[in-house]
Amino acid sequence: MTGTPSAPGKPTPAAGVGQALHAFASQLYPICRSITGDGVRQTLDLIGRRIELKRCEVPSGTKVFDWEVPLEWNIEDACVVGPEGDRAVDFRAHNLHIVSYSEPIHRTLAFEEIRPHLYSLPGRPDWIPYRTSYYRRDWGFCMRDRELQSLRPGRYEVRVDSSLAPGSLSYAECVLPGQSKQEVLFFTHVCHPSLANDNTSGMAIATFLASWIGARPHRYSYRFVFAPGTIGSLCWLSRNEQRLKFVRHGLVLGLLGDPGVLTYKRSRRGDCEIDQLLSYLVSQADPPGTVIDFEPYGYDERQLCSPGFDLPVGRLTRSVNDGYPQYHSSADDLELISAGQLERSLEVCQRMVETLESNRRYVNLSPKGEPRLGKRGLYGAIGGRSPADRERAMLWILNQSDGSASLLDIAQRSSLSYAAIQQAAEELAGAGLLAAAKPDSKRRKASAGRAKRARAKKAVSGEKR
Amino acid sequence: MTGTPSAPGKPTPAAGVGQALHAFASQLYPICRSITGDGVRQTLDLIGRRIELKRCEVPSGTKVFDWEVPLEWNIEDACVVGPEGDRAVDFRAHNLHIVSYSEPIHRTLAFEEIRPHLYSLPGRPDWIPYRTSYYRRDWGFCMRDRELQSLRPGRYEVRVDSSLAPGSLSYAECVLPGQSKQEVLFFTHVCHPSLANDNTSGMAIATFLASWIGARPHRYSYRFVFAPGTIGSLCWLSRNEQRLKFVRHGLVLGLLGDPGVLTYKRSRRGDCEIDQLLSYLVSQADPPGTVIDFEPYGYDERQLCSPGFDLPVGRLTRSVNDGYPQYHSSADDLELISAGQLERSLEVCQRMVETLESNRRYVNLSPKGEPRLGKRGLYGAIGGRSPADRERAMLWILNQSDGSASLLDIAQRSSLSYAAIQQAAEELAGAGLLAAAKPDSKRRKASAGRAKRARAKKAVSGEKR
Amino acid sequence: MTGTPSAPGKPTPAAGVGQALHAFASQLYPICRSITGDGVRQTLDLIGRRIELKRCEVPSGTKVFDWEVPLEWNIEDACVVGPEGDRAVDFRAHNLHIVSYSEPIHRTLAFEEIRPHLYSLPGRPDWIPYRTSYYRRDWGFCMRDRELQSLRPGRYEVRVDSSLAPGSLSYAECVLPGQSKQEVLFFTHVCHPSLANDNTSGMAIATFLASWIGARPHRYSYRFVFAPGTIGSLCWLSRNEQRLKFVRHGLVLGLLGDPGVLTYKRSRRGDCEIDQLLSYLVSQADPPGTVIDFEPYGYDERQLCSPGFDLPVGRLTRSVNDGYPQYHSSADDLELISAGQLERSLEVCQRMVETLESNRRYVNLSPKGEPRLGKRGLYGAIGGRSPADRERAMLWILNQSDGSASLLDIAQRSSLSYAAIQQAAEELAGAGLLAAAKPDSKRRKASAGRAKRARAKKAVSGEKR
């Protein structure tokens, strides 16, 4: 598992929200999801009881870019019955026992014939691996290596009561219109069967976050997409190509309940506002998280950040995909995720939303010299030594607000907290000293300038030693 | 105090100039200055005996940007007389005893009534703090905490013989016209009463520097402004808005006599020639100084670098404002500043002027291959191993002089001294191999290129380990 | 000597090529070369037996930029005969005994008169120094300091049987036309007499590399220039000014046989593809080499990278000029250079050529989402944990190929080997998923983007600590 668990002595956050998140994840956990089928629909039903969902069904055979929606897969039962008539592998005992998208079969075969269809984790003899065969017709079973090793030669009855038939792929959106058409996009996958961190944690947090945003006024529009990985996000992209221009910021959510520290993975562009903001929030988290560069594997950022879309979308997880031993095995269960970690993950998402809502660029309306803060009641009257943080925040905002720097830029340059900067900006705007900057006019130029200053600053610390 | 004092074993510089600087600071020290009033005028009188000053009076009530010139404040006497008839606080004993801009009062009050008007430094019981109340009508006394603690209940006679009346704010300029209208601006504040480092040191050094420049030919025009802080610099800015376009480089001077190392504070832009030059000079000083990033508090760089002006102006101090314990107290006295530190501060300012005068961009007139230095007597004739520093300097200048790199750029890229580069450039220009570059043509592009190379260089050192 | 010798336990590379390189260097070693004369011609004869050379003679007196081709110098014999009639210094014993370009003389002189014409290395009493006097008429002898110290007062017969007469400067080119007019330029100097590392090593490697390239198909045209240093490269530049626009990449070769690690010296521009590529190859070498910034001394990069040409030409050496004790002395002999080091130097040049040939920018023809690799047989079918390196390489190429990133860019960003990236790109192109990008359209923009990401990446590692 990446990172370290939260410090033991730390007080657990209020049980309420964390417990509720864990309880919802527990509801989602037993469902046998795949990239199509009724498991996805049941999942969306549960989510839809909490937030308003618009659901979509994309028929099998539909072309989506280079892909095609596959036949719909559903499964009733599956087992391998051994020479003595016992169920050596039993789907009813655990969803992971069946390779997802296994075709139907009912035959009796010699052990050597079934052996190539049996998957286990020799290094983790008590864990069942998670395997799929979406695009190659095959069948297979996953099992504990300890049990696999105990199988003896003989005839085995193999039965997969599944269907692979024309149907549809299901996904759903929760759309929360704001004052602006500009959107913030959240994406989480809904195709993994009984894996708790990957990704009932993401579904639970996305659901609660949408509910929380829906209950308060907001400037941006928010869109939450719950879709199967890869083919599901491609379906969504193909049906929404015209509206991608409204996506100003986005975040893929997953792996948010394990004990690891938060990990932000940058967008392909690497220098979007979402990259700046999440890097900031993750560094401020307790314990501080890490930031990693974009790479073209992982979750749906693979599709959203493909060169034909290149959306300003990052990813928030705790441990990363393939970054903890329990990943894609039966050990990614409800014990791996905790109420506390889920709650703290949700909190960071809430801070992100609050910051996106308030972060903007201002223009100082009294830019020649400092305006007189004292006569507006914004400043102490007896001149002493150093200005207090509130006054520092005001001076920084007034000095930097030429329309190029956002409040977050100013917080980072001044090393004052975003909260202090944001509060001071409200006071200054209230006093008529700030106006919102015209959109985008000076941004490119400014961002270059900031980069230059950042480098210069780095050089200084060298000089100081 | 920031930084370390100069090494004890080091030879003290020639007593002459340093002693003269200290003597002049001592003359300025006893005057009771404020942002208006006769104290400023007496100060300008003393400076005007040494350099030619153009003096300005700005009437009370004049609007300057968001501000207004206040009533003029003058003071004759002030005291608090205790129950036994003794002067418990006496302005005549120390200028700092009165809160600057205290309004006139003559009353007898109970101790509890005067207590809120008494200021001390509990952590420094023998120091008198410095306090002002420019823009809120009030009165107050500053005193040693040890004395404050000894006051007993009873009736106290409070007397402030001051006047707050229509008058004017005084400032002065020393202008030294050069071959070019392009200006170098020096700024120092003249509003602090008996504080030696803050800022009789700055006034003394600005005065001596102006005198030194005036005695030699110079390319740039030089302008020294002696003005009260904030409202004084705003007055100057409002009366000189049309000529700000001529300000090519500028420096705020202050806190130049204490034992700290030199500190250069960058301009708001952070990448001006003045930033490059002072960072270089300060790093070359003995002991080396430090460079800090711009922040919107401090001295008049607050106004000069406000977003409406954004002048290429940095700041040179030793310790920084609020960066040494004696700051804004009676302990900032003539013992805190030394002849040696003052002299070394002046020397850096002189190096700055010399370098600005000689620093320029050249074009190599024989850019295809190396020109033959030998036939011009510029190069050793027997080919041996490595070129000497003089020859290296020539090769660097010839190679880099495509009109984009200044001599200082070349000194920094080559790691040769500026003096060596400048001397070699003169020889090359004398031999007809260099011509002055057209102004500004290739500068932006070049500065980007240099930044890129600097980063590349940094990367290399990583590779080398 | 810079760097460390290759690890002792390491297996020596196949004797064949290294031994052949050393043997060829040994053939070149005894010839008395200078910047003109028959020594250069004999050298070019030897090279011309192995690769096809186009030879040029530039007459004495020809103006080349700021220079002029000097009189041709040839030498038959030279000696200093001592009072007892013995040859105290004898050209026949070692080429280095004569200062190159010594004018003819035959006189008997007192020791005090010849002493100023005798050069030695007091710190290295057994080594003969290498000295030249190309552009000042003079004569002189170089000798072991031990022998110089043993000379006694008396009359000495000095004889230099040389000629300084109108003739010509000789150089040669080997041109290997490719599919494109775009050229890769290799430059090596041929003017040093019996010095093995400087530069029979460079001549041998350039010759073998040209031969190796000539035997295989190639996209670029390749040009190898064998010319005397400085005046020779200036002659080539003056005769080829019109074709310099075709030079896309270039490398000066020298000092390639000593025990030092490889050293790449950047072009003046510092950010050319050759800089990126050689930095990469040198860092991948075993043992890893170093990269140094451009400086305007060294070999013919001084001329090729003068501001009037500013060609994208770097330099590859092992130790650098003046960077090893034997430099420019008789100790730079055939024992200093080894077959193994020569062979490994050649190998890096071969990798450079191979990489330049294959390195290009592609456009992903299926840029919206990931293309389905599985249906094209490019991807494993059973979904498991992490993609293998081959699949990672494909995903990186597809994600980055918007026409801006070269394969080498992608290798560096992904930390996968260039070989893996190049192989995967071939597979993807073979599957119709990639097309060659239009030349240069998005390059500037992209290189800026990469720089930004590199900085961002650096920032991250800081965050992670």
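We call the chains A, B and C, going by the order they appear; numbering starts again at 1 in every chain.
The rule is short, and it goes like this: a residue touches a chain if its C-beta (ideal position, glycine included) is under 8 Å from a C-beta of that chain, and two chains touch if they have at least 3 such contacts.
Small disclaimer: the values here were computed from a predicted structure and weren't measured.
Engineer: Counting residue numbers used by both copies over all numbers at the interface, does the chain B-chain C contact come out same (over half shared) or different (under half)?
Structural biologist: Different, since under half the interface numbering is common to both chains.
Engineer: Superimpose the Cα trace of chain A on the Cα trace of chain C, which carries the same sequence, then give the rotation angle to the nearest 5°.
Structural biologist: It works out to 120 degrees.
Engineer: Would you kindly tell me how far, in whole Å, the mean C-alpha position of chain C lies from that of chain B?
Structural biologist: It comes to 52 Å between the two C-alpha centres.
Engineer: What are the residue numbers in chain C that touch two or more other chains?
Structural biologist: Answer for chain C, listing residues that touch two or more other chains: 455.
Engineer: Under the definition above, what is the set of chain C residues touching chain B in their complex?
Structural biologist: On the chain C side, the touching residues are 64-67, 99, 119, 129, 131-136, 138, 140, 230, 233-234, 237-238, 266, 268, 270-271, 275, 279, 283, 290-293, 295-297, 302-303, 305-310, 322, 327-328, 451, 455.
Engineer: Can you tell me which positions in chain A touch chain B when the two form their complex?
Structural biologist: 364, 366-372, 374-375, 381-387, 392, 395-396, 398-402, 414, 449, 452-453, 455-457, 460, 463-464
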